[in-house]
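Just below is one structure, and these are the notes that go with it.
Order of writing sets the labels: A, B, C, D and E. Residues in every chain begin at 1.
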Amino acid sequence: MASVELLILFLVGAGVIAYILTRFNTFLGSIFTIFAVMFVFVSLAGYGFGMNMDTTVNILPGISFTETYLGFYFAIIIVFVYLMVSFFHPYYLSEYKYKNSYNLLFLLSLAGILGAFYTDNFLNLFFFFELIIWTTMFLIPQGKSKEAAVSYFGFSIAGSVAMLIGIFITYNVSGTFSIYQGLAALSGTNAIFVFVLFIIAAFAKLGSFPLHIWLPIAHGNAPHPFSPVLSGALVKLGAFIGVLALIRIAPATGLFTAMDLPIGQYVVAILGSMSIVFGTLMAIKEDDAKKLLAYSSMSHGGYILVAFSILNGIAFAGGFYHILAHALASAGAFMAIAAVARATGTTKMKELGGMIHKMPITYLAYLIAIISMAGIPPMGGFISKWLIFQAVIDKGMIFVGIAVFFGSVGSFLYVFRPLAALFLGQELTEYKKVKEAPLLMLIPTFILMGLNVYTGVFPGGILKFINNIIVELGYTGIEVSTYEINGTNGILNPALIGLIFAVGSGIAFLIFIVLKKSRKVELMDTYTAANFVHDEHLLHYAVDFYAPLERLYEKQSNWMTKFYTALAEKVRELGKLGKYLFMSKNISTTVFWIVAIIIFLLWGEVL
Amino acid sequence: MILNILIGIGIAFFGFVLQTSIAGINRKIVGRLQKRHGPRWYQEFIDIFKLLSKRSITHGWIFDFGVIMALGGIIATAMFMPLTNNFLAFENFDNFFIFVYLIAVGMLGMAMSASGSGNPWASIGVMRALTTMLAYEVPFLIVVLTIINLTGNSSLTEIMLYQQASGNNWFLIALPIGGLVGFIALMGMLGKKPFETYVAPAEIASGPMVEYGGKQLGMLFIMNEISAFIEVSLFVHLFLGGATNIFEFLIKYFVVYTLANLISSVNGRFKIDQVVKFFYKWPLIMAVTQAVIAIYFGWVI
Amino acid sequence: MKEMKLFLGPQHPGMHGNASVHMFVDGDIIKRSYLLPGMLHRGFEKQMERKLWVNNIALIPRVCVPEPDINEMSFAIATEKLLKLEIPERAHWIRMIILELARISAHLMAYGGIGGPTGNYTLMYHAQLDRNLILDIFEKITGARVYHQYIVIGGVRQDLPVGITKEILEFVNDLESRLVEYRDLGIDNASMIMRIKDTIMLPKEVVWELGVTGIGMRSAVGKAYDIRKVAPYARYDQVEFEVPTSSYSDARARLDIKIKEVQQSINIIKQCIEKMPEGPVRVKPGRGQSMRWTVPKGHVYAPIESSRGEFGYYMVSNGGTTPWRVGVRGASYPQGLLGIEKYLPGTRIDDAALWVDTMGICAPEIDR
Amino acid sequence: MMNSMNNIKEVEDLVNKTVKVLKTENIDKNQIAFEIEKLEVHRLLTVLKNTGWIQLSYLSAIDWPDENKFEVVYIVFNWEKPVYIQVRTKIDRGNPVMESILPIFPGAKYYEREAHEFFGIAFPGNPDYEKQLILENWDDIPPLRKDFDPSAYSARKFPSREYPQDFSVKDPNNKTLEKTEERKKRAKALRVGGKKQ
Amino acid sequence: MLSTKYTEKTKLTKDEIDRKWWEVGDYFRRNSLWLLMYCTGCCAVELPPSMTSAYDMERLGMGPMATPRQADILLVSGYLSLKTLRRLIYTYEQMSEPKYVIGLGSCPINGGIYHDSHAVINQLDQYIPVDVYVAGCMPNPESILNGFVDLMESIKNKTANSWKKYRDNNEWYKQNQKDALGEVIIHDEFHE
């Protein structure tokens, strides 16, 4: 029996050891981190599936745990992503300024995650959330910019504050800090308040429209091995709060309905749709591969929101499956980009090209990840999108439908762009000496490739587990057998699709192999309308890939950023005012103001 | 299972032969429109086999791998396609979304291979193909959403049976606006003018195909024919009530493809952003109107 | 800033003739571009210095391939000016018929040519079919489809064959009746309008800077600046015709003018056939030996209006049996070289082929 | 026409007023030629452009090896008063330098490049007059100079086809005539549209 | 009646099988000849009539193609200046085998009217091998089509082997190209 408490304490202890080891030797500390995370993952996987975790608390004061399918599902996915990413640490840490504390913070944030998903107490939840935020906040600025951390922190804190207020209202109404009892006790106006506050928290964490600004900044500038964690794991915290808000408080908020849905849910669905569309459009425009994937995370967050706001089993199944599929795909894609960035030192697509000839395995990993991300069979993303589409179509939600279809086709466009500009195209001279990533980094790559395919071909087992969650949430699960999934308006057999795809490819391969062998020519020996070009940069199409499309929404695309920039400007001005008032050189003025404020605050109570 | 797979392969092969012959006949018809003789009707076959017999070039493994993936994906898609309401390889598994998404594997393979050739024209062509796809898919899927919402089933045979059951009440007639949108989207899918932005020989030197010759080009031709077969069949099944026997299917297929081709032959092509603008203006508005009318008001002719 | 280099031609379906537009592209906007000419350079100006005056007639049509007759005409006018030679009245009228037929054929080729860049192949097929009928008429008159060598120094090579005027009239009437069809298929076609309207703009201010003439200029300036009107040669002062203009020069306006000019050419042909007097068609140009006659000293420039603009031969004679120097002012020189360098940047790669087509860029007369 | 004769007169007055004219040639009612000093070309062209001769029709050079001169000729045109003006000037053949007229007529850019390529005249003021335009990897003197012999160049560089001496259609082994006959038949078949007759 | 006599099955060697397949392939190849759109000279102006409605080349299975990779025939339409020749050779080498070359007009044969020009080569088959010449200045569409039919026949008779010739005598051709062009492969861009 693995105890959650012990695991958390183990992680804290391991963090300290990792800190010491890393100080001594970066590589050793990182290897230790891998084993620590692996230990947590193995114990979680070994006992968690059967709901056999020990949730008693002996040492930590004021903290209580409980075990739910929901919490476990999130926890196992996130721990898995952490495990995969930890394999990258040995090769990256040496570049960072505060490399000693990197592993410590990494493990501490994992401890926070375990706690957050296993707790049943709101205050504990808040505490663990804060632990995650504070640890990761110090991880992010190790990458390119400190601004990123500030923006991440700002939005996270905004979400936390919203959640805290929601928690207080809940406590006020129900008199308990227990998550499930508390939320169940809500009704009427209070329920609406809590719903809205929780949704704000969820949106801030998930990086959904309109609280998405931090997402590309943080993802794009985070350290390369941390971006997969951000996108594949931490963003899912928002999904967790979203589930709490949308499903647990849901029926209470039903003032009136739209399309058989409570209005709150419907609004969330519409906002989720906007998140999809906005994320897609921005991703198409983006030039930095990591930022592009960050916007894609935003778009996929929209799918998750849409799925959870349609209150039926099939949509939930789609949503939960999407969380898994996107975590795998996004981790895979980010890790491939990280491998490229390690080899070349950049993630800007216009500076890269032809990496496929140097890093074929990384390329394959990226390819499989994006196929899943675009929702093409036989990968996991297809299953979840299929389930979500079923729900949307059955509800007849036209505008949400436009968004999900748009996002689904649009994801083709943006995931293809790094593929074309970064991996394919001309082989650039400056990267002639680049080599494939080392073996240790290829291990998680292979595992993720395999899992992406597995989730797409044999979703039965996972869906059965998801059914447990759905039942736990009080809805009926979907019909699923080993090979077939029964939707409301159709049957899907992913294994059959996989098989047929293999057969088709086999036929194509036969045709290919029977015919005459081709002559290999250089990449530069290409059609140039019979002109001579000897600079491969001139033949590499990477800049402004979707220029005609971008031009159509160029003017509209920046208003959100502008709004937030203006807001930040205002906040800064306010800060300056405060600084001017309080921090003036004249010390007596400062003292005067401080006294004045204290008096003002205590006015009602004391004076 | 083996038998089913063999039937599936048979359907894919049939689709290839059918579409290639009809494309050949259409070349002749368009030839007559242009006041000339036109080629032999089996010219398309000769072209493809000639290409397969040539000694081609390759730009590296991704160039070949993409082609195999493209053709494989398309063959796999075609294997799920029902020909009539009771003739299909895999009973119950002809889900509409399989076609939309599995066909994308082929597209992705071709796009990958084309970009892998390192030619800028090819990348531009791929960019245009993907952008065009973004344009036509959404209105088309909204119309299909309406249809699936009405029939309550996303299986193509079920949709066919639904139309045939109520006295050949084709969705082209039941949902006239949607049918029109479907046809426009079909033109986009088939790459017919005015939406033929991605081949455009005189602008971008035949786009994605720019570096292909010999067997790779031949395989892409086969892929192109089979994907045309899938797209036209989808239209026939979704909007024209499918078919109860093979001859009905052939006639409907021929009419749809020929009509698209004739419209194509007297139009110029749009620029790529005009295609996007066009599809997100009228067809999308029409599709949404149709969906609202059909789903919320229940007005179905 | 990273740029990509794309090429339009020489081996490209969008390029008419053997020249190459080099384009530096960002996304799909052309940032820099220039024309690389010279692929069709044959050293004409050198060749002509080495051939007798009369032998040059065989050489010159090859300077501009789609519309060879203007070369013969310009060369003949220049030589006649040097010789101070008056040619028979009937020859003038026959020359006008030939020139206008050639103009129609060139316009049809260019008008059908937009079928390539815009993908409307039916338009191209129909236009080429009609052009082929003109070539058949030429074959009946001159014995050759393309290089006629019909307009010679001192008139035309031989009189028109019997009954050809009727055939020409039949053809032009038929064509006139089908111009509406051409408009419907081309510039009035809804899908084509989207494509060609407001593209490839030639602003009014830059016309003089470029030195562009012909349809390009008239479509931008809006004035009837046509050499046939302004400084008439042959008997253009005795026929009535209009010079279509416009003041907004996009691709569509230029094509519109092309079709209108076809109409005017048809009118001119009809008038020519009506007004053409009987009589001899040729005078002997020189004294002395049968072919080795000499031409007096002098410099002369003989401009005529081609389908693409002002086309002229600058000829210098030092009194010998061969020209001393022949310079050819290609009509498409300004818009081809300077226009592509200065005014193509900013447009999109889709439109580059349209510039080549609607501005009437003829590679061989740039290279010579 | 009276009008155009007036134009010619007007031009003559204008040019005589502006620069010292070495030689005037009246070519016809629409064309007149002036030969002037090299240094006065720019002034004259500027004046003409400001008076309405806004179009540069042609720019080229003529080689006069006997006088050891190059003659540069500019032809300008005014659409409102239709007179073509040839402005000619002679420059030294040994050191052929002519200031570019690019500031006056931007359209002269490529004409000047071409003149440099074919005659070797330098046009300082034109930024890239030295770039090759038409020829590629040219390895001889500029080809339009009179002392360049293209025939010898061609013979030296490009081998010609050698025909057999005893080629004759009367030769019984020569099947040319039969083949020609057959071709004609086929051409006829093609002309009627592929139908067999 | 079945023959009881045992006849020894002649086993086909690999070469013979190849040859048989090659013959099958020849049928397709000669019925689907795709031209490369490269208008090298003035004879290209007669190509539109022969391609379009007037003479309709498509009924012979022929059509224009955009890039050398796709094309079968390199149509040298008229004279070749040195500048074009350099690009023509580059294009020819990009085409996939089997490939055929047709020389249109008199100029590729012996220089034609430009035989003494300083810019135009005199004889095309010094630089790349030619299958069919179509003489005339310029050849009519009829004769152009005739040339194509000639090519089809010579493919049938297995005499259209220029591409093999180019492969076998590559050094000779390369030397000739070098003599005319200086260096065929250029290591920097022209006109930059």
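Here are some notes:
We adopt the following convention: a residue touches a chain if its C-beta (ideal position, glycine included) is under 8 Å from a C-beta of that chain, and two chains touch if they have at least 3 such contacts.
Note that the coordinates shown come from a computational prediction; the quantities given were computed from them, not determined experimentally.
Chains making contact with subunit D as well as with subunit E: C.
Removing subunit D from consideration leaves the other chains connected by touching as one piece.
Here the chain at the heart of the structure, going by C-alpha means, is B. Of all chains, the one whose mean C-alpha position sits at the greatest distance from that of subunit C is A.
Seen from the C-alpha centroid of subunit E, the farthest chain centroid is that of A. Here the spacing of subunit A and subunit C, counted between their Cα centres, is 64 Å. Here the CA centre of subunit C is 32 Å from the CA centre of subunit E. For the pair subunit A and subunit D, the distance between mean C-alpha positions equals 69 Å.
Centroids of subunit B and subunit E (each the mean of its C-alpha atoms) stand 35 Å apart. Shared interface positions of subunit E, defined as residues touching 2 or more other chains, are 38, 52-53, 56, 59, 66-69, 83, 87, 91, 96, 116-120, 190-191. Residue positions 519, 527, 529-531, 533, 539-541, 545, 548 of subunit A are each in touch with at least two other chains. Taken residue by residue, subunit B touches two or more other chains at 34-37, 53-57, 120-121, 124, 201, 205-206, 210-211, 214, 271-272, whereas all remaining positions touch fewer. Of all possible chain pairs, the ones that touch are A-B, A-C, A-E, B-C, B-E, C-D, C-E, D-E.
Interface of subunit A with subunit C (complex): residues 350-351, 528-531, 533, 537-545, 547-548, 550.
On the subunit B side of its complex with subunit E, the touching residues are 27, 31, 34-40, 43, 46-47, 49-50, 53-57, 201, 205-206, 209-214, 217. On the side of subunit B, the complex with subunit C involves touching residues 30, 33-36, 120-121, 124, 193-194, 196, 200-206, 265-272, 274. Within the complex formed with subunit B, the subunit E residues making contact are 21, 24-25, 28-29, 31-32, 34, 52-53, 56, 58-59, 61, 65-72, 95-98.
Taken together, the subunit C residues at the contact with subunit A in this complex read 1-5, 7-12, 15, 20, 22, 24, 26-29, 36, 348.
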